[in-house]
């Protein structure tokens, strides 16, 4: 029994969360530093996972397995494949930046405001979310996954409902009501999804007799798994619904804009860049892995929905007046790409989708955090309140532009690679959908550039004339992300090498072959 | 020797990185760093060029594989550079003209406090453009393709505090994006057809692919070309792009970037040769654009916009030639190069004029400047002669060949295309003469009036900093600006001749593009004669209109065509009405629907449950007895249930 | 009848007894529910219980029968009556229903439940039965005792505990701790004055010397009766005898008669003379 | 005659009592109705013990009585204190369960 690396990776932030929460109220800064250190430690562990993971090796590595609830065959089973590793790395990388970016977001408000903001709680919750996300990336036992998939909602609920932007147009009270509305909406949506999934999980147990991915896969391989086609489809739908809510797929997306709009920028990043990834990841691992037949059966509908998400999200992003909302709708569009790539059932598509999860995480983080810095300076989320920032804060504007360019997936930045892979992967199987999806890149350019033009260029507005440029802490947050964006855009090989084998496994799960190019087909 | 290829790109890239990240401490030397690095890249180019010349024609293709970019199951994209005669030509053009314009900008941007960043962007552009022409596969080319788009976005919007500039930049990027969409679809098609998008495999398996696929690929590539090279119907951005600083217009929107479309088509010769329908489309686009641009050019009073129109039309010539297939490829490139020289020269001249005229751009406020800025006048004049195809100058050789080739296409197409080209030549002569006359001849309309005219705000806000609204004092530009102009003028005078002597340009490019002599229904002599006639007519008309009688300082209302041409033949209005307005309404209604419909369904459900529970709450009236009733009723039901169970 | 008889057969006598007393029991139950005054309900319930006691006896549960009479009818029902008195026999609480539809629902449920219950009993086929003969062989009480103190001993003990608890509980519930000092006469008077309620002592009941009964309201000068004069309890029970009119009539009649007996003419006005003037 | 009739009677009484509980407002009367129901049960028990020929039914009835006694004691106490608190013995007055 080797050292339980995966458990440690997930446990460290959990312990850190408790410790951070336990810091006495007076020692606010200490709590912050503690949280930061813990997240960095987690990053270190995640890197060891990355190193110990052997792309050429077995499908699930670093596995741990202990019996948990013997009566229901629930086991504490952990294991990572390439996709899991990539996402674990992403999470572990992003959290320190989130902590650093939210350094002052949870400070008690200036006197006169009645709202009490428990700083310790803020960072503790973030760490708690990290722990749960990590373990749900590691779990190979459906029930174990489900538990943390759901438990995640609780800290997220408090993060959204408890900590909003400092300044608000309609005053503190209105802000509070809107925040709680957003939080409740988030909770209800995901809860409904989760409950439906619970039914499916139980159904799965009834059919398969246990919850272990590997055992079920072996049973299927051995043909000893008797799952009626219709049963499989129903179960698939149960799972997929939950994941579609989590990774907002049209028309289940409306919780995301509210949540991201009302929560502080770091939390918004936490939502869209980390938590939502669990949904797409789970589609890849559970939907395709457990119900290949049903997945293939549902593909056409899902592809169309994803397509709608892409175009619809982009169009709505164009129409937004609120910076954060705009980013939220952009994310919806990107999630459309991810889901499309997953269900294109080609290795390019799925590698692209996985890559996309990572890249989207980084690019959204960059854009959203810079936007957060901008908002915290001006105290308004409305695009109309800005203008000419480029003149007074060139570095901020520059980083903002790079984040935006990443969002519109400019070649040379990371998202381009993944987006193009997804498009190609889809195109090879469904040309029409691929072509329509390509319109998304034009719309992406539209909303990004319009946002940049309205906020950063033009004559300097008096309100922003005194705006300070990025501070050191903020640069520390943004610069590494941008460096990462450029590096992965120029040299994504490290990630693809890890992802490819996993994708190969998934493809064999669904028994799909990539379509042959015409020329070779002709031969 | 292959190792050098990377350096070509590395040098300006380094420059961009240093200048953009360097911060203010580099403000004093930044421009020189930029110029130095671009020149370095030019030197590398020359070394490689000599190396290529040293080899014999078959071995003039150098391949440098750097690293594997995107390795995915069945999908392989490498970072590989390919230096052959075609890309060599472009490298020299880009780095050469680029360096000259760097030099020029040193003087031109002197008063701008963000000069360092300007040079950073210029270097970034050079790097991207070189990447574009050196890429060995379409995906890498796509990177360069969008890279130059980004650079042009940054440079057009360089004076970001001007809303017009910011808008123009955004417009340019968006229109280009539409083209890029074409390119990416083309790449996908290639991937599905050939399983690869590297030049080698694609061109190698063309014969194995179906006609339909090839045509589709061709059309998509054409769409991309239209976007980048401002061809109809995606030409609308070029005019606005003149919001950028003049050196940018010279380098990006005249000499190099806008010609990328031609490069793409010529590079994909193999595909187009196999897809005649696509070729036809290309020629049509070319022909239409060359007339379109020319007509627009005739009506503009803004000197830069007039030149932009002419750029459009000249690129139309190139595209037309490229569409003609092996007959035209070489001449397309040749015209591209010569055009690079004289159009850059013309723009620099225009810039120099504006420099001397407090950044006034309205030609109606020029006139009689030849006395005040002789060097500019001479260089501009030479460029003028070159572009209208005055015998012996470079434009003559390249354009004449294109018109010949157009006729040589044969059949009615040949006649139509050739005719269009001829008419184009005439109009070119007209509007260039017009520019020439309005700028350097006639009485000095800028006297006794402030040049800041409200209805035609200047493109260059530098003047606003200097706050000059007084009467301008035209003066010759500094050496650092004139030298590049002179060099370019020399190029535009002798370039064509140099290339054409013994068809050495033809032999140089033939191995890449292939060449075939079309048998033209009209002999070369006749074509040349016709061209001359058109030329004379054009000049004469222009002289009659602007040379003899004085030019009104305020533009007359003009004919319907004129007014339409002033508005870019209403293309912008069309876009605005159809795309912008329509888009706005679409998004607005969608936002509304998202709130009412998609969100409303959910909130409606919630509200429904709320109301239901509100009703059920009535039952809880707090009276113990009514609770007792329900208990009793429940008991009764239980009894009934048990009895039923017993019964069945 | 003797134990044996009751045990084995159901004689026609028992049948007769059942039908008669059963009717009585049902009527009693109905009265319990429907009587306006609590007292009446209590009494009719007591009746029903006695009938039930007889049925116990008839069913061979002699001990229970006696206990029923002694404990229930004797103790519990009396307790009920006490409480009724304690709470005050308010004038019969109206049977008017306040909760909408409550009564109809109740009746519906009741009828439905009853029907179902009877149907259930009818459904269960209980044709033959073994009497309590040998069970009661050596005495019913002994039999019960044997059971209670062996099989059900725990239940028995617990019930005992329950009883104790109940007793204590009742005491705790009803015992009222005097929180504040009892107010003195003076304070009471002052309060009355402050509240402006009826300050002087209440008038006595009764009319003249004729009706000195406590249940007769005294008359005010105008002849109307005054409630104040009668005690509150009587008032609440509505047991006031109103004698005002009759009293007035009597009065008038009395005057009439006295006039007739004295034969008094109406006094004429005559001039008064001095005597010496009259002698002249 | 068959002793089952006793059961019928018991059922009838029980139902009457239950209905009474539901329609009367005076707490004391309600209580009486409860007692009535209890007695009905007792009757049923006794009858059963006769039918089955063992005394268990009677024992249960006995316990019922005891419990009933206890219940009455407490219940009446409650009523009294309730009456003290608010000068009425109506069940409906205690409609505080409504929020």
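As written, the chain order gives the labels A, B, C and D, with residue 1 at the start of each chain.
Heads up, the rule we're going with is that a residue touches a chain if its C-beta (ideal position, glycine included) is under 8 Å from a C-beta of that chain, and two chains touch if they have at least 3 such contacts.
In this text the structure is predicted, and so the values were computed from the model without any measurement.
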Starting at chain A, what is the smallest number of hops through touching chains needed to reach chain C?
2
Please find which chain has its CA centre nearest to the centre of all protein CA atoms in view.
A
A student comparing C-D to A-B should find more C-beta pairs in contact for C-D
How many angstrom lie between the CA centroids of chain C and chain D, rounded to a whole number?
19
Quick one: chain A and chain B, Cα centre-to-centre, how many Å?
37
Using mean CA coordinates as chain centres, what's the chain A-chain D distance in Å?
65
Using CA atom averages as chain centres, what separation in Å is found between chain B and chain D?
97
Can you list every residue of chain D that touches 2 or more other chains, as numbers and ranges?
18, 22-23, 25, 92
In chain C, residues with contacts to at least two other chains:
99, 102, 105-106, 109-110, 113, 117
List, in ascending order, every residue of chain A touching at least 2 other chains.
none
Contacting chain pairs - touch in the sense defined above:
A-B, B-C, B-D, C-D
Residues of chain B touching chain A in the complex
20, 67-75, 79, 139, 142-143, 145-147, 150, 153, 157, 160-163, 165-167, 169-170, 173-174, 177-178, 180-181, 184-185, 187-189, 191-196, 205, 208-210, 213, 583, 586-588, 590-591, 594, 598-599, 602, 606
Taking the touch rule as given, give the residues of chain B at its contact with chain C in the complex, in rising order.
621, 623, 625-626, 629, 632-633, 635-636, 639-640, 642-643, 646-647
Residues of chain B touching chain D in the complex
620-625, 627-629, 632
Quick one: which bits of chain D touch chain C in the complex? Just the residue numbers, please.
1-9, 11-20, 22-26, 28-29, 31-33, 35-36, 39, 42-43, 46-47, 49-56, 58-59, 61-63, 65-74, 76-81, 83-84, 88-90, 92
Which bits of chain D are touching chain B when the two form their complex?
18, 21-23, 25, 91-92, 94-99
